[in-house]
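Got some structures for you, see below.
Two complexes are shown next, each including chain A; its partner changes from chain B in the first to chain C in the second.
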Partner chain A sequence: MGPDIAAALARLRRQRRPPEQQARTDGGLDEGSAKAPVSPVSKLWYSDAVQAIPFWLPPALLMGWFVYGAVGWNLLISLTDWSGLGQPEYTSLSLEMYRELPGDRSFRAAFRNTVILLVAFTGVSLAIGLVLAILVDRDIRFENTFRTIYLLPMALSFVVTAIFWSWMYNPTTGTINVVLRGIGLDVLASDWIGNPRTRLWAIIFALTWQFSGYAMVVYLAGLRAIPDEHYEAAKVDGASTLRMYWRVIIPQLSAATVSAVVVLMVFALKAFDFIFVMFGDNPGRSADILAVMMFRVAFSRAQWAYGAAVATVLFVMALAIVAPYLYVQYRRGAL
Partner chain B sequence: MVDTRTLTRRRYVLTTATLGSLALAGCTDDEDGDDDDGAGGDGDLEIVHWWTAGGEEEALTALLDGFGEEHPEIEIENNPEPGGAGAAIDAAIQTRVIDQDPPSTFQIWPGEALRPYTDADALEDVSHVYDEDAEDAYLESVLDAASPEGEVVSVPINIHRLNNVFYNVEAVDDAGIDVDDIDSPEDLLDAFAAADDAGYTGLAQQTQEPWGVLQLWEVVFTGQHGVDAFESFLAGETADLEDEIHESLTLVEEYSEYFNEDAGSVGWDEANADVITGDAAFHHNGDWAAGQYQAEGDDFEYGEDWDYIAFPGTDDVYTMVMDSFVMPSNNPTPDATEAFLTYCTSVDAQERFNPLKGSIPPRTDVPTDEFPDFSQDQMDDFEASSEQTVSIAHGSGLNPEQSSEVEETFAVFTDNWDPDETTQELIDIF
Partner chain C sequence: MARVTLEHITKRYEDVTAVDDMNVEIRDGEFVCLVGPSGCGKSTTMEIVAGLTTPTEGTVFIGDADVTKLPPKDRGVAMVFQNIALFPHMNVWENISFGLRLRKFDTDEIDRRVEHAADIVQLEGMLERMPDEMSGGQRQRVAIARAIVRNPDVFLMDEPLANLDAKLRVHMRTELQRLHKELDTTIIYVTHDQAEAMTMSDRIAVINAGRLQQIDPPLICYNEPANLFVAGFIGSPSMNFVEGDLTRDGLETPNFSVEFDPSQVPNATVGDRLTLGIRPEDVFLEHRAGNLETTTDPIDAVTDVLEPMGDEIFVYLLLDESAERSMEDALATPNQLLMSVSPDTEIHEDERTNVVLDRSKVHLFDTDTGEALVHGIDDLPGPTAGADTGAGTAGTETRATGSGTDTER
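And then the complex of A and B:
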């Protein structure tokens, strides 16, 4: 960067400032001399928001159009009675589709399963992730190897994992039952995804396997941020290892927990691929979730408005999870 | 410091602008792309289909080669939307039809699957692509399926038969079963029991996806109560058929005792593999299941190692599972599409396509030499059949909305095996 260019840029910067804020020779701003009245227009023109337009406007427009525009349009469609391959009628909007939802047995089943999946999957993934993180953090050998092994499943596509889990769950030849029988636990061997009572749990188990590695990484970062002094102080005070983690370390992981929870929950809402690959768009009431129902209603039945209503319910659920997180972050000044 | 910051901002603006324009270009590209595909030099014939696996893909290639020989001037844009039996194609085609940007032609089941398109006036009348010979050579029931609203809107290119029971000859002999004595769906249950006693799986079946049990129920119903009753069901007169529906569901529930243990965790091909290995005696499916036996080559011969009977009670019935091509309205290439559909009605097209697909031609005047023995027998059965009907599980029987609801009912049935509740739910759909 030649000095002449630098000088030119500095000149440009000066010119963009309001006249009353010309730089003083010592590098500061000559604000004391702002005696002349400033017009509101020029105040607005020189405000941060306007000056920063090139930075926030393009992404805002793109996001606004492609994300929020689509969400809004989905909401609008859910108020129509659009079905079939014609065009939607926007003249008579009503909440009819939402009124139908509670009476629909498929919706009730899908909603219930979605909530179970959400809670169980998130809870178990966090617990396993925390335990793994603590173990990996305790200066074990081959730490990096273990970390990679635990994280690796997350890199796999659902299409792949769904297919090999359905092989492993096979009641006669699948690994799981073969192992159970091998160690004498024949009573536990079961038709995991064939039996409606275990189907959803089998899905949750597989998803947990795939995602607890993610929780581990988040927790590991949290653990690394805790100063060694805290461990040492706890030890000096005579705390047992268990007590040290329980009373000193884990309470400091709340920020990590919150961010992991949000990501895992939003993820659970979208666990569409896994179920779709295993069972198609009709997994039965024991494993149906809202995301699958939305696809089935919209694309197999062309009931666009009803599908859009299901999508809105999903959106509201996601919002209910993310909004408190954003609010807490905002209060902390992290946003 | 100041300079670096300015530079960074500048770069930021530049990057944002570049990314933004790229993103915009990406979007417009997409739209343009579709237009290009269609309008780009009036010759590009865009064909959307879901034939991407093994024999299916070979069959389509053979069809397109034949068409290319006849119309070398037409450029073909082969645009597969893979996904089991059209799971993905619906979403793609429906949105394009709504946007009035359809492909030149696309694959669809004839019959009620066409209904949403005819309701929206999205398909052109194609009756003129059938010449006189073709019209004579197509059976009336096939043309009926191609014309849900009275005018012919699709060109069926192949027919699979759904009402077959395949069996492993050795297993069936070993269990002392004489297939000629199996005259009714109830007799078949006894045969399953006999196979089970001899240590075989009675019926190799998949219940992981609901269509497997749905199609089984369809043929059981037809076998017990006849084609007329089945067609009344399709017409929605379910309330009068309560007892019949219940009876068939009960029998299917009894069949389920003899399914392979892993029926809930396998696809149909994995289930069918049990017949090849000799672990299972029987398999019910469309004749695409025979493709799997034929792929075994000399180790598994038709007539010696495996054989089939029409599903008991449906000897002179041909339950058809068909594919067809259509001419969407707002067609980007009307002339090329018409040429392609005309070609699809021809003997040449159907003779190239069907032997590889493992189906039989809808035209009854196609020479049989090119076909494997099994298909030749199916063609004889087809010509000899006195009644033809269609299937719900394969799209032609009910409109997509009703089919999907029936499928959902069967997804619940394979969980609870409760004929009472399922009967009621089936009645409530209509």
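And then the complex of A and C:
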């Protein structure tokens, strides 16, 4: 079986090579020794890209149509003034919807909340994840158990955690307030998700709880890649534990940080489900984010073009987060 | 510069004893290799000196100070690691100066010291480079410079050359010896490579199973190994061992006997089980052994496999042809003997031949305890002169130089 396949493959490859580059009898390639000029058409025809068409074209078409086509269509809709029932008017395109955005107080609030969520959620998750990873990495007992416990929340769906946290935050029967009152801190008990001043932070807290475990796993992988000798070398050189981590270990985690940041930020942009389950399509100006606003504007108010414009802003934000990462990866040759 | 003394150092993990009652005194300015097979406790011993591991029992002195409880940074030691352990996010200058910057030296002093250290290990002009832009050998030099720059009392090197390729390793060996001469600092060097230990150190500490077996200059370890372990570990290829019984006439092994007066062997009585040790280069073809002072009786053998090395040929000899040939553990079976001969020797595989052992290089060990009893049996008189009958007598006679041993008999 094996030799047959190998022989067939060899035959195939020989056929696919341009005629002027056939194998020589000694096993080398007969390149250039035959002086026949290579025509551009033939060069193109035998290039890897063309020869590999059967493999890359079908998935590229599917992706192109359903993903990038949809993105493009969304962009097109955002340039119309489509709303309510009826069909979009593609004849008069303008940036009217985008011009309206800055003046819209609800957009401004949603944009601000999205940025706060993005920064605070990512920053706190990273910090907690890093501390957990360092603790778990120090050869503690039941390390695997702790790792699983910390990672478990991430396995839960946003719907589950949103319902679960809305119970926790319940002002009268919720665990948080019950515990606070139980230990005599009644003053601190409050209507966490009812009060507009604490609402966004309650969401960030819950999301951090869910995603710190992920940051921990990424950091743990990074820490495991650092040889023990780096710790020992730093110690022999005279570094205290704090300085050893600060100057030797954490700087080596930059790659882990970058990939965790990208994933966490993208999750933050997509926090739609969590907020939608907790508050429905209108969480109020204090906790509104672009994703929820987009849904509300488009599907509840049928302002299709305006919703599409919000979606485009969201898309650009996601691109702004991912693109630098991809570029750096590309420069490193990792793509 | 300082001397390092380990007193009754023991390190126990839950159910393993990594280091067992280690007593070593390393003199000021000495280059000592801790050598032994993997897992013998040599690295743990070094970590204890460095302060990276706390001993369960015992005391560590550096100079006259008891440092057992001091953290690594206060011990005046610098360490070079096996996988080099440069910090990848710092350039060469930052790596070398790391310890000094932590100790808040002033900038001029740091610059001066870094330049001096880089000068010693020949890294001039590379201070701006990142570790991943350097070759293995250059990186190892940076690691050494990082140790030098702190002017430590003691250098600790944990297999620093193990990750380099063979050629570079040999080169760096010489460099390290030169460095030792230049700095004149105490160096403790861990390696599992006995050749590295032999070539570089003033004294070798052979460690096995957490216990110190012998600490002596390289050639003493080679010529007068304290026990079976040292004898087998030092030297490549390893020493031949043949077990036998001590009789009134000498040692009786399954395939040959060696004659001497058993009463001259300390700590052994007739009937004891002894192990004879002989290095491959001390086994000779009978007709080539002419210029040896004393040899044993000729031993019948058949050549099995030849390994030409260029400067010598290793010959595997079968002493009992009828016994099964075993390739694995060839040196441990009493039926085989490894001989090293000069490359111009006429010798072929599967050839019947006679070999002799150089009596001055025969070692006798107590099989049960492994302790060495005698190194060289040339000055042990034969059993009782005149009482000999039959063939095996020539062994005790002093042979004339030149060939023709047959005619003498």
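Note that the second predicted complex is superposed on the first by the 325 of 335 C-alpha atoms of A that agree within 3 Å, B and C clash if a C-alpha of one lies under 4 Å from a C-alpha of the other, contacts with A are read in each partner's own complex, and residues count from 1 in each chain.
Everything below uses one rule, namely that a contact is a pair of C-beta atoms (placed from the backbone, for glycine too) under 8 Å apart; a residue touches a chain by one contact, two chains touch by 3 or more.
A quick note: this is a predicted structure, and the numbers were derived from the prediction, not measured.
A.B. asks: After the chain A overlay, clash or fit between chain B and chain C?
C.D. replies: fit
A.B. asks: Touch test for A:182: chain B only (first), chain C only (second), both, or neither?
C.D. replies: neither
A.B. asks: Is A:252 touching the first partner chain B, the second partner chain C, both, or neither of them?
C.D. replies: In the superposition, A:252 contacts chain C only.
A.B. asks: Quick check for you: in the superposed arrangement, does A:233 touch first (chain B), second (chain C), both or neither?
C.D. replies: A:233 contacts chain C only, not chain B.
A.B. asks: Counting only touches as set out at the top, which of chain B and chain C does A:85 meet: first, second, both, neither?
C.D. replies: First partner only, chain B.
A.B. asks: Pick one for A:72: touches chain B only (first), chain C only (second), both, or neither.
C.D. replies: neither
A.B. asks: When the two structures are overlaid on chain A, which partner does A:324 contact: first (chain B), second (chain C), both, or neither?
C.D. replies: In the superposition, A:324 contacts neither chain B nor chain C.
A.B. asks: A:62 in the overlay: touching chain B, chain C, both, or neither? Say first, second, both or neither.
C.D. replies: The first partner, chain B, only.
A.B. asks: Give the label of whichever partner, chain B or chain C, reaches more residues of chain A.
C.D. replies: More residues of chain A are touched by B.
A.B. asks: Which value, in Å, gives the least CA distance between chain B and chain C in the superposed three-chain arrangement?
C.D. replies: Distance of closest C-alpha approach: 28 Å.
A.B. asks: Do chain B and chain C touch any of the same residues on chain A, and if so, which?
C.D. replies: Dual-contact residues (chain A): none.
A.B. asks: Which part of chain A faces chain C closely enough to touch in the complex?
C.D. replies: 227, 229-230, 232-239, 243, 247-248, 251-252, 254
A.B. asks: For the complex, give me every residue of chain B touching chain A.
C.D. replies: Per the touch definition, chain B meets chain A at residues 2-3, 6-7, 9, 12-13, 16-17, 20, 23, 84, 87, 90-91, 94, 97-98, 116-117, 119-120, 122, 207-211, 260-266, 400-401, 404-405, 407-408, 410-412, 414-416.
A.B. asks: Quick one: in the complex, what on chain A touches chain B?
C.D. replies: 1, 6, 9-10, 13, 54-55, 58-59, 62, 83-87, 106, 166-167, 169-174, 191-196, 278-286, 296, 299-303
A.B. asks: Which of the residues in chain C end up touching chain A in this complex?
C.D. replies: The touching residues are 47, 50-52, 71-73, 77-79, 81-85, 87-89, 98-99, 102-103, 146, 150.
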